[in-house]
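Presented sequentially are two complexes of chain A, the first with chain B as partner and the second with chain C.
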Partner chain A sequence: MSSGRADSYSSIDVTGLRGVIEDLEQSAGLMDRTLPGLRRDFEFFGVDTANLTKLSNGYRELTTVVEELWERHNRAEVLLADYEGRGLAGADSIVRFPGDLLDGDHHVTHEIHHQDGRTPGDVHTWWEGLTDTERAYAISYYPDTVGSLNGVPIAARDQANRRVIMQEYTRMSERLAELEAGAPIDFYPDEPNPLPFYLDEGEHLKERLGGLDVIIERLDDQPGRPRAYLIDISTDGLGRAVVSIGNPDEADNVATYIPGTGSRLSDGLATDIRRTDRMLEAADRFAPESTTSLIMWLGYDAPQDVFAEAPSPSLADKASDNVRNFQEALRTTHLKGRSHNTLLGHSYGSTVIGRAAREGDIHVDNLVFIASPGVGVGHVSDLGIDPDRVFATRAKWDLIKATPRNILGPQPTGGGFGATHFRSDNSNPLAGHSDYWESQLARRNLAYIIIGWHDEVN
Partner chain B sequence: MKRRATAAILIALIAACGGSEPAMTEEEAIAQVEHHIHDAATQLHPPPRLEPLRPLDIPCVDRYDQATGQFRVERDYWLRDIPTEDNQDIFNTLHHYWTTQNYEIKHDIREEPNARFLEAQHEGFSISVQESTNGMLRLVAQSPCVWTAESPDQR
Partner chain C sequence: MGTSETEASIMVPNPLKTALERVLTRASTFNDELGDVESPITELDTGATWTGSAARRYHDDVLKPLADDIRTAAESLAADVEHRLRELDDLVPEHVAIALQVELSIR
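So, the complex of A and B:
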């Protein structure tokens, strides 16, 4: 490796540098393991520890150097990938660049890898301590990490996730094209694939791409349409997608809608995003003098089969921490005082929010259970919020009412539960489980809960 | 498995007994929706100025929450140039008009100031007058499920 002034060229052999750093890390690891024992022995036998202190200082110096070298390596790797993408790379792993690879932002790389698992408050404090240049660097080089960190402001997450979704779209489209180019002739092109989607890579890619298409379309700014923000996105497994209409960091009212059974990253998300849009629209029209933001939160693996998976609370329990963490993050990054926050769950989504509220602080003012099969508690007082701010509805024709109480707990529309009931529509026997957004009355009631006009909920 | 089969039979029976909604094009649905709104507005004195809001149709789903590809066409208008003191009279006028026109009154919440809501239904269409928290009024009409330009190609 050689480095030079800003007006000269330097070069790094990426593979060679990685080998050197790994050797240095091994040495640092050895010192880390042996130094505490040596110090204990020196002190026990009364040996002067001055040299040992020098060695400890050397260890600290070495770890700092290793961190800086990793930073150089990572940046060189990004450059190398860029060269390869543009057909500029040679046969070796050497990159040439002007000036010095490190321009003062290198500590960001080190820090960003330590944010995972920290509280939204700690993440936010770290983010607020960065300069604008450092934030731009983090978003450019680590968009997937910044985009998924609860505690980073929504506008920054959106910026990062817009990069991630386009990268994912390109990657998956290319892979699908590769598969289709090498696929055997399909003699029955009109017949559905007999394999479950998760067993067939091509079907999996098509389905995820369908979901990405829906989100990309909604992210596109159009006149007269509220701006959408991409708060989280992943194509792993069933996929993850959190899309906000309006910026929750700036809104007076913030509502999060969690869909239920069958939800995954597919073109079916179009219905959930449209519902989110419609709820926002209703809130804006009923309360023109306040601002509202509505979030569609698919940040969990929803059950895919109403008979095989939905009767179990295990997927809801797995989602609990994510739900609470996300709601805490909304509180943390909000800019204008305290917003009025609501969490709505439809079907199994209501089970998710009920069980999350049961286990810890849910950080919202209202909970709304829509067509719930059961929420894991028997009474509103077990949900950790003001019992008067727990609402429930179920349409007359909704078969969900047939769910036995011993599966997911009593339904919140039951008499002894203590939730405030509100009316939805009772007219469509063919859409009973999903009639809550078609109904004008149900949308009015949801809007009144979201804007905080609780007494007018009917 | 037995439960799944029972559910399938139940749905088939409901579908068979429920009848089918009238076949209607998107253009016909929009025309009807607009007709309901303008017809209601002409009953009011002084006549309001109708200001259209961004239309956004509603996806229709089956009872397992899967999109059918059809949409309910919905149109929404602010009623401008009317004093808010007249709101109660407007609700009463429309209730009277829709009743005499043989509309079915579905929801009647006329007694909550700044939160009034009245919805009527007629031949599969629904029409409502809704009051915002600041006293402004809207007329909203909605069609049954129809195929629209937003529907997927495999209708």
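So, the complex of A and C:
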């Protein structure tokens, strides 16, 4: 190193470091491609392999160096983004900081990339093994990863996802403002007709922002309403949102509500969150001595079109693993023994939970099918839980009853299915497919199931 | 008998040597292509890409020794092959050459 540099601070040129690392990766790639073949030949011809062995060792060390340098680069990039967010960035890509960006807890970030795809139990074991500093670091630097990992405690996921949602809100708002200030050709110069692309992107941004608005409003702590937790969030595609009212890790009763056709990250989520709140209110009213948490789970791509997509089980099947994984995670991270867990699905959401239960352990005590078009099995005994804990309802005037059984299977309110029926009539005799949460009777029965007063269900 | 001994002793170029010369070419090409391994490390040493005491320590304790080891070992590969080449006979009996060709073709 050249002398004369000040030791009181360090700096990284993010762009420059990226170039250096990419060059080193090229060297490592060349070694990876060449050394095994040379070793075979050296051994065949009886050439001394001592230097080849040194090169192989050097290759391994070089890959570690590359990994560590990427780690520094990534952290410097986060710092640069922070500079930019606060208007502190200059024209260059240089960040300055005291000491070393990898002080202490750098191994956390290496491990965090290995958690995806692991069981909630394994993820939880990893998380529990971290120090408080390491956890804080992971949440600060990798909020989207921590926020989406089943097995990380809900409070930590909430902390991470609150960062994610604000970052996404800022990013999408800025992009929308850019779009609105320009012309279609500015953003899609290679398209012969840029207008549809421009309009689609604007529509997508407005719709997702509408959904983020709803969630941000509910996350705001206000006197008189239970605290909300953001368990998952994504604006990709149709979006993903999992919001709990109350902390399921600490609750005696935990219920997960899965909405159906037409659900996506938009202002329409306000209805699903309101339903979640209303179910919790009812449960708390009947069982004030116990704690209950209600979760709105939009962790799947719901069908958007009743006629084109909803008649197919494929989207439900794609959601199956996510549903089971999430329910397993609720069991894993729960703090006070075993909670009483319920999974409720409305409309296509009931198809999702039925098919998920059919394929593997669903990790809940109760299944509730509300206005179901069919759940992929013909009898409660195929759902893998106590048949007495499978409940179904359908309002008299709900047109879902017209769904033929050969589309998504027999409806669970049918006589031969074996589910316990409960009433959900509404004071409005013409109430239809989306009015169940307006029915006091339905809310009361749902609350009974959620708090475990099964004998009261009628 | 004497005729067959004469026939058996016809000497031809050693196919092992020819094949090993190709390995020498590959080892030399590898060394040439790897020549750039030191450039990025030098950039970290003298440039503004990463500055400070941690950068200095990392360069002196990790990067520089690593680059030196890789460079020295890569440059020695050709010498290792050349050393072995010198040990091999330039010529071998024809029947030996045929056997070696078979061995080379099936390895």
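Following the convention adopted for this analysis, the second predicted complex is superposed on the first by the 365 of 458 C-alpha atoms of A that agree within 3 Å, B and C clash if a C-alpha of one lies under 4 Å from a C-alpha of the other, contacts with A are read in each partner's own complex, and residues count from 1 in each chain.
Here is the rule we go by: a contact is a pair of C-beta atoms (placed from the backbone, for glycine too) under 8 Å apart; a residue touches a chain by one contact, two chains touch by 3 or more.
Since the structure is predicted, the reported quantities are computational estimates derived from the model, not experimental observations.
Colleague: If we overlay the two complexes on their shared chain A, which of chain B and chain C does A:225 touch? Say first, second, both or neither.
Modeller: first
Colleague: With the two structures laid over each other on chain A, which partner does A:23 touch: chain B (first), chain C (second), both, or neither?
Modeller: Touch partner of A:23: chain C, not chain B.
Colleague: Check whether A:456 is in contact with chain B, with chain C, with both or with neither, and answer first, second, both or neither.
Modeller: Touch partner of A:456: chain B, not chain C.
Colleague: Report for A:45: first if it touches chain B alone, second if chain C alone, otherwise both or neither.
Modeller: A:45: touches chain C, not chain B.
Colleague: Inside the complex, what are the residues of chain A that reach chain B?
Modeller: Chain A residues touching chain B: 224-225, 260-262, 268, 270-271, 274, 277-278, 281, 285-289, 306-307, 346-347, 397, 399, 423, 425, 427, 429-434, 437-438, 440-441, 444, 448, 451, 453, 456, 458.
Colleague: Which chain B residues qualify as touching chain A in the complex?
Modeller: That would be residues 3-4, 7, 14-15, 18, 53-54, 56, 58-67, 72, 76, 106-107, 109, 112, 114-115, 117, 119, 121, 126, 128, 130, 132-134, 136, 138, 140, 142 of chain B.
Colleague: Touching chain C in the complex: which residues of chain A?
Modeller: Residues 1-2, 5, 7, 9-13, 16-17, 19-21, 23-24, 26-27, 30-31, 34, 37-38, 41-42, 44-48, 50-52, 54-55, 57-58, 61-62, 65, 72, 94, 99-100, 102.
Colleague: Touching residues of chain C toward chain A in the complex: what are they?
Modeller: Those residues of chain C that touch chain A are 16, 19-20, 23, 26-27, 30, 33-34, 36-37, 39-41, 43-56, 59-60, 62-63, 66, 69-70, 72-74, 76-77, 80-81, 83-84, 107.
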